[in-house]
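First chain written, first letter: the chains are A, B, C, D and E, and each begins at residue 1.
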Amino acid sequence: MIGDVLTWLNDPAHWRDTRVDKGIPTQLQTHITFTLIALAIALALALPLGLFIGHTGRLTFLVTAANALRALPTVGVLVLLTVIISPHFHGRTDLGFVIPTEIVLVFLAVPPILSNTYAGVQNVSAAARDAAAGMGMTGTQVLRKVELPCSLPLIFSGFRSATLQVIATATVASYVTLGGLGAFIYDGLQQQDFPQMIGGGVLVALLALLADLLLATIQRYAVSRGISGRFSTKSVIPADAATAQVRTAEASTV
Amino acid sequence: GSDSGKSTTSGSTGSTGSGGSTATIASKLILGGPPEFKTRTDGVPGLQKNYGVVFSGYKVLDTGGPVTVTALKNGQVDAADLFTTDPSIAANGFVILQDPKNNFAAQNVLPLISKAKATDGVTKVLNGISAKLDTAGLGAILTKVQNDKQDPDAVAKQWLKDQGLDAAGTDAAGVTLTVGSANFPESVVLAQIYAEALKDHGATVSTKLNIGAREVYVPGLKDGSIDLIPEYNGSILQYLDKNATATSSDDVYAALQKALPPNLVVLDQSKAQDSDAIVVTKATADKYGLTSIADLAKTQ
Amino acid sequence: MIRFESITKTYPDGTVAVDSLDLEAPSGQITVLVGPSGCGKTTSLRMINRMIEPTSGRIWLDDRDTGRIPAAELRRGIGYVIQHAGLFPHRTIIDNVATVPYLLGWDKKKARTRAAELLEQVGLPAHFAKRYPAQLSGGQQQRVGVARALAADPPVMLMDEPFSAVDPVVRDQLQDEFLRLQSELGKTIVFVTHDIDEAIKLGDQVAVLRVGGRLAQLATPAELLNRPVDAFVAGFVGRDRGYRALAFSTAGRLSTREEPTVRLGAPVPAGTDDADGWLLVVNDADEPQGWLKLGESGADGEVVTDAMLHRGGTLAHQGGSLRAALDAALSSPSGRGVVVEEDGRLAGSLTASEVLALIENPLPQPEPQP
Amino acid sequence: MIRFESITKTYPDGTVAVDSLDLEAPSGQITVLVGPSGCGKTTSLRMINRMIEPTSGRIWLDDRDTGRIPAAELRRGIGYVIQHAGLFPHRTIIDNVATVPYLLGWDKKKARTRAAELLEQVGLPAHFAKRYPAQLSGGQQQRVGVARALAADPPVMLMDEPFSAVDPVVRDQLQDEFLRLQSELGKTIVFVTHDIDEAIKLGDQVAVLRVGGRLAQLATPAELLNRPVDAFVAGFVGRDRGYRALAFSTAGRLSTREEPTVRLGAPVPAGTDDADGWLLVVNDADEPQGWLKLGESGADGEVVTDAMLHRGGTLAHQGGSLRAALDAALSSPSGRGVVVEEDGRLAGSLTASEVLALIENPLPQPEPQP
Amino acid sequence: MILADSSSSSSPLHFWGYFLDHRAEDLRWLWDHTYLSLIPVVIGLVIALPLGWLSRRYGWLYPPMVSISGLLYTIPSIALFVMVPPLLGLKSLDPLQVPIALTVYSVALLVRVVADGLASVPEDVAQAATAVGYKRLSLLFRVELPIAVPVIAAGLRVATVSNVSMVAIAGTIGQENLGRLFDQGKQLSTTGPYYPPIVLGIVLCVLLALTFDLLIVFGTRMLTPWRRAVVGR
């Protein structure tokens, strides 16, 4: 079984586009594009909103509401949106299917980013916040210079779990005929071609892993060492205080 | 099924070779259909072999479902693999291209059943159904389900009643079986008809509908997850024997007897046919003057 | 100078945290607010830099009504040190200290130079600059907090229980350093604590608040100990206040008696004819080490060693407080308190009765009865 | 009796937390372990109930080697009170207290009755029983912690900084209650603190440890204050030890002089011919209220009111310590310390010199020099 | 395009009528969906408890456990559903394939949750419990687990709710559950949008998810009276 999968992955024919089939590179690219679009939209929506809610403590019900999105069945919403939206697009365009797919993916990505951003800002020590205001920082300065940098670890953790989820779920794009790595899974399923299907699954997992590694690396550089507890100095005194990061149930959500 | 990958390769190599200097109509068009159509003997490879038709691309859609219809209607694809009984063909004014070379084999509906469950009583009941089923009847059934959104279950019961097949009996008493169906409405209704009739005759019936493509449910039949499913003789033959050449109903039926695995049998075939067809929109047909699949291979 | 003019703060839930408070914190001095938990200390403090807006009344900063100064501007001119330091965990120590200069738009180099100066001033080694707060102990963090508040050299400092999170020994150090710093800088400081000892040690004047945010007494520490205005203040100031009040009575130059000594390492003098047999032992620098009990130390001719010493006694300094002098006498096994010069050399000795005489002699009494 | 027999504990990382410690905690007494942070106090304590296993050496509980008693069994027989109480947040107060009885298999009713008794004993009202820990203040939680440790009436109690998390006033209360309780129960107690004042107040004997886990001195509190064994202990015991040592010298019955008084609400006596003009004011129950300065109080014939009183003075109790007596004298505006009977009625007054005479008179000295 | 004769019944709001027409089938699917979502979480929790406890007790186990569970979660559910039978030698349409796959996901999620939950027990409480003489197992069940309930419950809510969504995906490969309504709705939309089954499926899935969520929240409240006491103060 594993051998068959490796054979499938190694077959050069699967790495080329033909008239009938799209190869792995093309599908990979499609998959990444879907993922990036969804994440960009989700980030643009959830990050500012999360920061705002965390900073002001207002509109917290939105966090709860966003979390309720998790209860929506992915396929159901995809089918519904496809049925609604796709008849309105004519010509050689996939938009009628892309839009529903992206909406579904954004639904998936928003809750972890939003709730982690909110929790991150909430968890910034009241003392640091107080000190910042007491030094004469304005509201936005407190947000920008203190709350945002201090909540980065949680924001990253939310974004990373959103990324994993979007990459894994972008496979549903293929349920409505779009490309992406899910095509190997659904085509393989229809053709009962297990090596192809599992190969597709492996590719998705690999992509997710790589994305997570990449984000972990970015996080390493973006988050201040004072918060992550990765000190260059050998003389670390109370490491426990620094490494005791706040973890919420959201952070572990996948 | 794992050698289907190879046929994909050979199919694509062939099409590259015949792309050639002269541009055929097909080379400007995109074909859409289910994933397995890419590799099926009567799919992309068959179109090329029988008609020299090579499309400029292939888009994976669903199996005669709404995605295929929408994609064809809205121009995401120019030609699509649909089923001849599909009411949406008429509803949208799609044009079915003729298949003079019988690329698509005869597709008579017939029950595929595991040998162990095919008792005389069960056989009698199912053969009784096949005897009453014809293409027009099938189209009517499908219209009720697809256009009128009637319940397949109800449609099945109604049909049995209309055909006078709803009398209770004991022919199938003591038999326990699972009726499956593929994941398109027609298969579902047919499965319901089988299931209802067998129930009427005393069998203990459970259903597992909408399983998926043949590649999913045939293994299920082999390992006993399901016992009975409505089939189309041409398709199942080709699935079982890649090199089958039979095209007429009787030839196919005869060839099928030999190709079946030992624990499966097919019962009498009905007159009802529902084959795959290459379908284009009226506009496309008019633009290129298409009436037959062969027209696609013409240059313009 | 900071002046509260009938300030009242009622929280939205109806809690009256501060009730028509009138108070003046004179320039260049430390005013300590002290009182039981929930008496409105923090609220009062935070109204000064408008982290909390008063419900009624006005607060004057010198001759300006703080209510009319834009909050951010006001705050940049007032250093604020909060409990647990409240350092920014994502910034290095030096950048933490330079926060306000950065906010004021100083250029980076200047801000950092200033921050480095301040770190030195609060007694932190230069190599701490590049560390992060989590790498510092609680006491070190507190120093950074103070340095940060001092960065823009604000004339006014607000400090809310700045030393409460550290252990007693470190707290004592921090307090001493804080007093040294203040003697150099002469800021106008409002300091909140719930620890009466801290209040008495640090305050030029101490305001005792009672729950409900009313002022119970405003007085110098000595006055507070000597004349608590009512039972609440007396109870709050606590036991031992007579003894502790002695800390504010300096003795001037103590007239001590000369004390016969023996050097560490020298032979034990043969049975000196001193009535009680206690002999003071000093080292080569003439610094007192402990007492020798003559009868106790084995054979004559033996050498005086560390192990023979009785070290019960505390030392009093010439020019120190009467409290220290009394304690030296009370703690000395010989009953004679040892007094040393500023440099640690022996000055002489003094009995408890002699100290008492000084206490009862009205001369050094800080607050003559009216 | 608990006996450490050359106990050493080396942590896996090489830290020597306790270094060949020999120590005996006598039955029915409070032995306090005190020392700077990291000196191995907690480690020593926890080796007694085998929360930590010693690297070498043995600990004897009466005549049994604790190493040979199954850990769970050993622990059920030893009460352990930890810092912050460590109550089980998911159990009601009464069930928290009844934990060990439940573990020992007592039936529920009996366990709860016992727990309710204990709650009363530690001074918690009965209606707290059904509450959860988070609904109690820090001080109340500590009491529950003590009650829980006492539940199975273990002969031995280990207490690790049990009062350090509460504020000074509550801590004082808890300490007093703890002493009262111990006087009833007479447990063998090992008590860890880093606060020397607490050690001196509570300990029958105090063991001072130095960093590295070596014993610096084991002595009674009075001895520790009077004769610290070396500079480390002297430094640790701290300033004011002379004064504080007076707390261990009871004066016996103080011979006080009678003090003329005036009743609150009575007319101010016309210019009494007292030299200094200070007159003690008492209430109807003959309890001292404060001092009246005769010249100060307006016209004669006026009534003595609360507002006229000077309340500087602390009160000493007959049979109390010399420390209290001296402080009463030192803090009194008249210079005469007020002494009251056990029931609060005025006994008389005493000057500082008179107290001093008692101090210098060797009679009540607890530890005569050898 | 909308056909005249189906316009009224294809309104999204007609899902209730659709439900009534197909009550027997829909209720069966609802029931299937219910146990398919629930059983994996229960089994997952039973498996995750010892694993989580181990990775808490032996700290070095925690990072690999977290990475492995993170990796498992990236496998698309549809792929996992189909991979389970060949990997375990089951029949291709075995009713166990969905619960097994979802159990894998649930374990992956819950191991970490259990470990974090146990880590949320304050150190001094654990020590106090040891000191009064609890042995290891009773310490776990009588003290640590009860205190970890809120954290574990938060994880359970996520696991259950996402299971409801994933079970629906199994509906697209022929497993009987509410996901079938989506497939059905899709099939029936060939000649024009036909919303009722799709909307019904979404509504039932959401209701199911919310019901689970409420039950867990309610159960948590029942199990943690001490938290309520404080909040209610």
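A few comments on the model shown:
Please note the rule applied: a contact is a pair of C-beta atoms (placed from the backbone, for glycine too) under 8 Å apart; a residue touches a chain by one contact, two chains touch by 3 or more.
These numbers come from a predicted model, not from an experiment.
Steps from chain A to chain D, taking the shortest chain of touch contacts, total 2. Ranked by how far their CA centres sit from the centre of chain C, the chains are topped by B. Most remote from chain A, judged by the distance between CA-atom centroids, is D. The distance from the centre of chain B to the centre of chain E, each centre being the mean of the chain's C-alpha atoms, comes to 37 Å.
Chain D and chain E have Cα centroids lying 56 Å from one another. The centroid of the Cα atoms in chain A and the matching centroid in chain E are 20 Å apart. The centroid of the Cα atoms in chain B and the matching centroid in chain D are 92 Å apart. Taken residue by residue, chain C touches two or more other chains at no position, since every residue touches fewer. Each of residues 62, 66-67, 212, 216, 219 in chain B touches at least two other chains.
Residue positions of chain E touching 2 or more other chains, listed in rising order: 1, 173, 183, 186, 189, 194. All chain pairs that touch, listed by label, are A-B, A-C, A-E, B-E, C-D, D-E. The touching residues of chain E, when paired with chain D in their complex, are 122, 124-125, 127-135, 143, 146-147, 149, 224-227, 229-230, 233. Remark: chain A residues 125, 127-138, 141, 145-146, 149-150, 152, 223-227, 229, 231, 233, 235-239, 241-242 touch chain C in the complex. Of all residues in chain D, those touching chain E in their complex are 49, 51, 71-76, 78, 80, 82-92, 99-100, 103, 131-135, 145, 148, 158. If you check the complex, the residues on chain A that touch chain B are 4, 8, 11, 13-14, 18-21, 82-83, 86-87, 89-94, 96-97, 174, 176-177, 183, 186-187, 189-196. Interface residues of chain D, counted against chain C in their complex, comprise 36-37, 167-168, 194-195, 225-231, 234, 239-243, 245-246, 293, 296, 306, 310-314, 323-324, 326-333, 335, 352-353, 356, 359-360, 369-370.
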